[in-house]
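Okay, so subunit A shows up in both of these, paired with subunit B first and subunit C after.
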Partner chain A sequence: MSYVLFTATGCTRCKIVKNFMTDHGIAFEEKNMKAEGKDDFKKFYSANRCFITRGQDGVEFPVLTDGEEIRQGIGASIAYLSAGKRLDGFFCVGTLHKEWVDGIHPCSGNLEHADEFLQVMRYLKKSSMKLQVETSGRNSHVLKQILEEGLADKVVMNVVGPTALYSKILRKPVVESDILKSIPLVAQFPSYQFQTTVAPIIRQEGDVPEISYLTPAEIGEIAKLIEEGTGNKKNPYLIRLFKSSESKDERLKSIEPLSSLFPYRTAARAYQVLTELEKVI
Partner chain B sequence: MRYCKEHTWAKVEEGLVRVGITDFAQGQLGDIIFIELPQVGEVFNQGEVFGQAESAKSVSSLYMPISGEIKYVNDNVEDSPDLVNTNPYDEGWIIIVKPRNFSEVSALLSEEGYTSLLEKS
Partner chain C sequence: MSYPSVYPTGVTVYNPEKCWSGFTIFPARELGALLIDMNGAEVNLWKGLHGFPNKLLPGGYVLGHTGERSNAFGMQDQIDLIQVDWDGNVVWKFNQYEYIEDPGEEPQWMARQHHDYQRAGNPVGYYVPGMEPQVDKGNTLILCHKNVKNPKIADKVLLDDVIVEVTWEGEIIWEWACNEHFDEYGFSEEAKNILFRDPNWRASGGGMGDWMHINSMSVLGPNRWYDAGDERFHPDNIIWDARESNIIAIIEKKTGKLVWKVGPEYNTSPELKELGWIIGQHHAHMIPRGLPGEGNILVFDNGGWAGYGAPNPGAPTGAKNALRDYSRILEFDPVTLKIVWQYTPAEAGFTMPVDASRFYSPFISSAQRLPNGNTLITEGSGGRIIEVTQDHELVWEYISPYWGDKLKLNMIYRAYRVPYEWAPQAERPQEVAIKPVDVTTFRVPGASNLRKKETVVDGVWSFQGDGALCVAADEELDQ
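Let's look at the complex of A and B:
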């Protein structure tokens, strides 16, 4: 198996991935897209454009390929080098830069490989990166391990709904107690935030599915869960706007946007007094 | 040659209009790695997006300086998008348009007008 790593001059994350491959005796060819690898990167981009993730600052580097798969960013690249597709779901391309690495999801991925997932986190932490973990609350025992080892500098818990709606919203089996266990863990990290996107939910499947947004009352339930789980009414809690263009479900893409999130903030502030609304530009 | 504020240029040639992006626009993008071209035969209104120019750091929509039908696209920039960087007014042209209305061309900015626009921004 031989790899090509597309890098950019001055990219610290690219250096870390290169070091990982050198340390582990993994053969690779580096192509610096700002220097000698410019033309090769152009050809690669042109041929694989629909598989390449762009963030706010453009293409996420490093870009790793073995000719079959493409992985981008430090987390996903090291995960693929360590364990191939076994760690798919745990890491995705992040949005943060400099010393921060995000796109780390202990709630996703195959739990059979949780140990390998933690190994990658340990490597990233040893490389002096600051790690931001994002979780829906599933796999609380993995989050507990992350807490005990001090592997995450910040945790963002996306509380998708009242626990009774979790399975419906995530479209996968969820043990409600698992979510409830995560809430107090999140509040023990050095930096943390709870958040909920006020999204439309398919409450009843069928030929004409019943779809409606999370209600202010349901947001209030979530805020109450956070209060009960942490024993604290002053947790950072962000209510976010649903962006239909980002929805993976076609049925949700054409939903009318909400006119205001203020009723949600009011409902949440009964239990979480620091609730804020996401600022939208 | 005339210019529009969305940084495309338009040059009348024997009843058709050749279109590309300005030197300013290619400089803003950096090394262009991909140009998304429209299909020949597609029709656009003035100001509509007809394509996209991508570099590693950014993506820029390409705007029609005039209304019309796409008669030709420059396949060379598909294979060598860097032509748009090195020769934005010449080999790096992007599309040739059959204009709906020639008065739209004369209403575009002159070189002085475009330079003045850049100086103000």
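Let's look at the complex of A and C:
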């Protein structure tokens, strides 16, 4: 298997991935897209556009390929190099820059490979990166391990709904107690945030599915869960706007947007006094 | 400016024929919300009720606050906004803006209200025929504080100004934050530089930059500009003014964006130059439909010291670089910026500029248009409320006798005149004219006005007028 690593001049993350490959005796060809590899990357990008994420700030590097698979970003690249597809789901492309790495999801991925996932996190941490973990609350025992080893500098917990709605929202089986265990863990990290996207939920499947947004009362329930789980009314809690264009479910793309999130904030503030609304630019 | 140490307080001038008579409500320093009649009799004192400001509503209700957050932790944060009936019962309250836990204090929700608020039904918070503020329902717009960080503005914590709209039930349904529109205010690079270094740093709460200091906020209401097709003046749009930056602005309610402004500079067009520098101003609002001058902007242009820009001898760092030692009331057309009416030291009868500071309040203050075309002016720092006619005649004057113990001022933040009918519980008062005393012969007990000898001196010339003082008078400068 031969690897090509697309890098950019001055890219620290690219350097870390290169060091990993060198340390593990993995042969690769580096193509610097700001220098001699510019044209090659253009061609590669055109041919594989749907597999490469272009964010608000451009394409995140490094981009790794072995001719069959493409992985983008420091976490996903090292995960693939360490364990192939076994760690798919745990790492994805991030949005943060400089020494911060995000796109780390202990709640996704195959739990059988949790140890290998933690190995990658350990490597990133040893490379002096700051790690931001995002979790829906599933796999609380993995989160616990992350906490005990001090592997994450910040945790963002997406509390997608009241625990009774979790399975419906995530479209996968969820053990409610697992979510409830994660909440107090999150609050023990050096920096953390709870957040909920006020999204439409398919409450009842069918020919004409019953779809409605999370209600202010349900947000209030979530805020109360956070208060009960942490013993604290002053957790940072962000209420986010649902962006229909980013929905993976076609049925949700055409839902009318909400006119105001203020009733949600009012409901949440009864239990979490620092609740704020996401600022939309 | 010389100020006598002894002077009469209460009502000193009252011409019932020319006044728009009614009750006047104002926050008496360290006393409470005070309602007086035209002769200064105190009709009702809501003792201890704070007022930032106090407003009277039909039915004898008064709006105010139970208290203010400790200055050690906040600045001018009123704990709540409450509506109180004639007998002191709280009938409405809002405080659910921010949960505050100050050291040594009881944790509580606070409104962090400051300077202004408006109840639905009336755009400006004062009497307008046909536009009664709601007293048992309706939304309230409230000007509040929020601590924010915005690296575009400064690298320090800012005390930002926020407008919220709350329902009768106390739910916030709309919110606008001043710092989020920084790019729209038109600050020059010089202004931005000094603003970054010193966003009006105040010591309260460990230090915060009170960078804009918005002190009035009201709705435009129906107006002729919008009727003529000018969308900037949509009736739901909100006008506010920020005294630290010398900006008066209108924001679009729908989007929050700025749609009209004057300031921060007043030398960038011929129209603005003619308007002249508006400095440290208060109570800018659009005169509502139904009052003389409707559609014009009325503002108390304090003078004093404010603005951000280039250093000068009076402002060595460029902070508060616009200076003037007298005040002006301006009524101007918001489209042409032409001054339609004004009350300045000149109209007040004082020689400009040498005696201009006889009409001067460097902070607080207000101007209310009355139904007969008169204007009620609060010259706040000296506790003086006056009513003047369109021709600038002084027809009513009141000086507050209430000096603070903790702050040695008899200041009045803002006074409002209301019709007698708004306080049905009070007996309609007798209106007794008070002719101005002749100050040249007025003496306190024990002082003499006796001339014991008058001596004629041969060869003396008669006295000239004031054309050649040590400093030029305004007429000379105009030439």
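Quick note on the criterion: the second predicted complex is superposed on the first by the 281 of 281 C-alpha atoms of A that agree within 3 Å, B and C clash if a C-alpha of one lies under 4 Å from a C-alpha of the other, contacts with A are read in each partner's own complex, and residues count from 1 in each chain.
Keep this in mind: a contact is a pair of C-beta atoms (placed from the backbone, for glycine too) under 8 Å apart; a residue touches a chain by one contact, two chains touch by 3 or more.
Please read all numbers here as calculations on a predicted model, not as lab measurements.
Trainee: With the two complexes overlaid on their shared chain, look at subunit A and say whether subunit B and subunit C clash or fit.
Mentor: fit
Trainee: Classify the contacts of A:Arg203 with the two partner chains as first (subunit B alone), second (subunit C alone), both, or neither.
Mentor: Touch partners of A:Arg203: none, neither subunit B nor subunit C.
Trainee: With the two structures laid over each other on chain A, which partner does A:Tyr45 touch: subunit B (first), subunit C (second), both, or neither?
Mentor: So A:Tyr45 only meets subunit B here.
Trainee: Looking at A:Ala8, would you say it contacts subunit B, subunit C, both, or neither? Reply first, second, both or neither.
Mentor: first
Trainee: Does the superposition put A:Gly58 against subunit B (first), subunit C (second), both, or neither?
Mentor: A:Gly58: touches subunit B, not subunit C.
Trainee: Based on the superposed arrangement, let me know which partner A:Lys253 touches: subunit B (first), subunit C (second), both, or neither?
Mentor: In the superposition, A:Lys253 touches no partner, neither subunit B nor subunit C.
Trainee: Which holds for A:Pro263: it touches subunit B only (first), subunit C only (second), both, or neither?
Mentor: The answer is second: A:Pro263 touches subunit C but not subunit B.
Trainee: In the superposed arrangement, which partner chain does A:Lys279 touch: subunit B (first), subunit C (second), both, or neither?
Mentor: second
Trainee: Rounded to a whole Å, what is the shortest Cα gap between subunit B and subunit C in the overlaid structures?
Mentor: 14
Trainee: What residues of subunit C sit close enough to touch subunit A in their complex?
Mentor: 96, 98-99, 101, 109, 171-175, 180
Trainee: What residues on subunit A touch subunit B, complex-wise?
Mentor: Touching subunit B from subunit A are residues 8, 33-34, 38, 41-42, 45-46, 49, 54, 57-59, 61.
Trainee: Which stretch or stretches of subunit A touch subunit C in the complex?
Mentor: Within the complex, subunit A touches subunit C at residues 233-234, 260, 262-263, 265-266, 269, 273-274, 279.
Trainee: Can you name the residues of subunit B that touch subunit A in the complex?
Mentor: 31, 33-34, 54-59, 81-82
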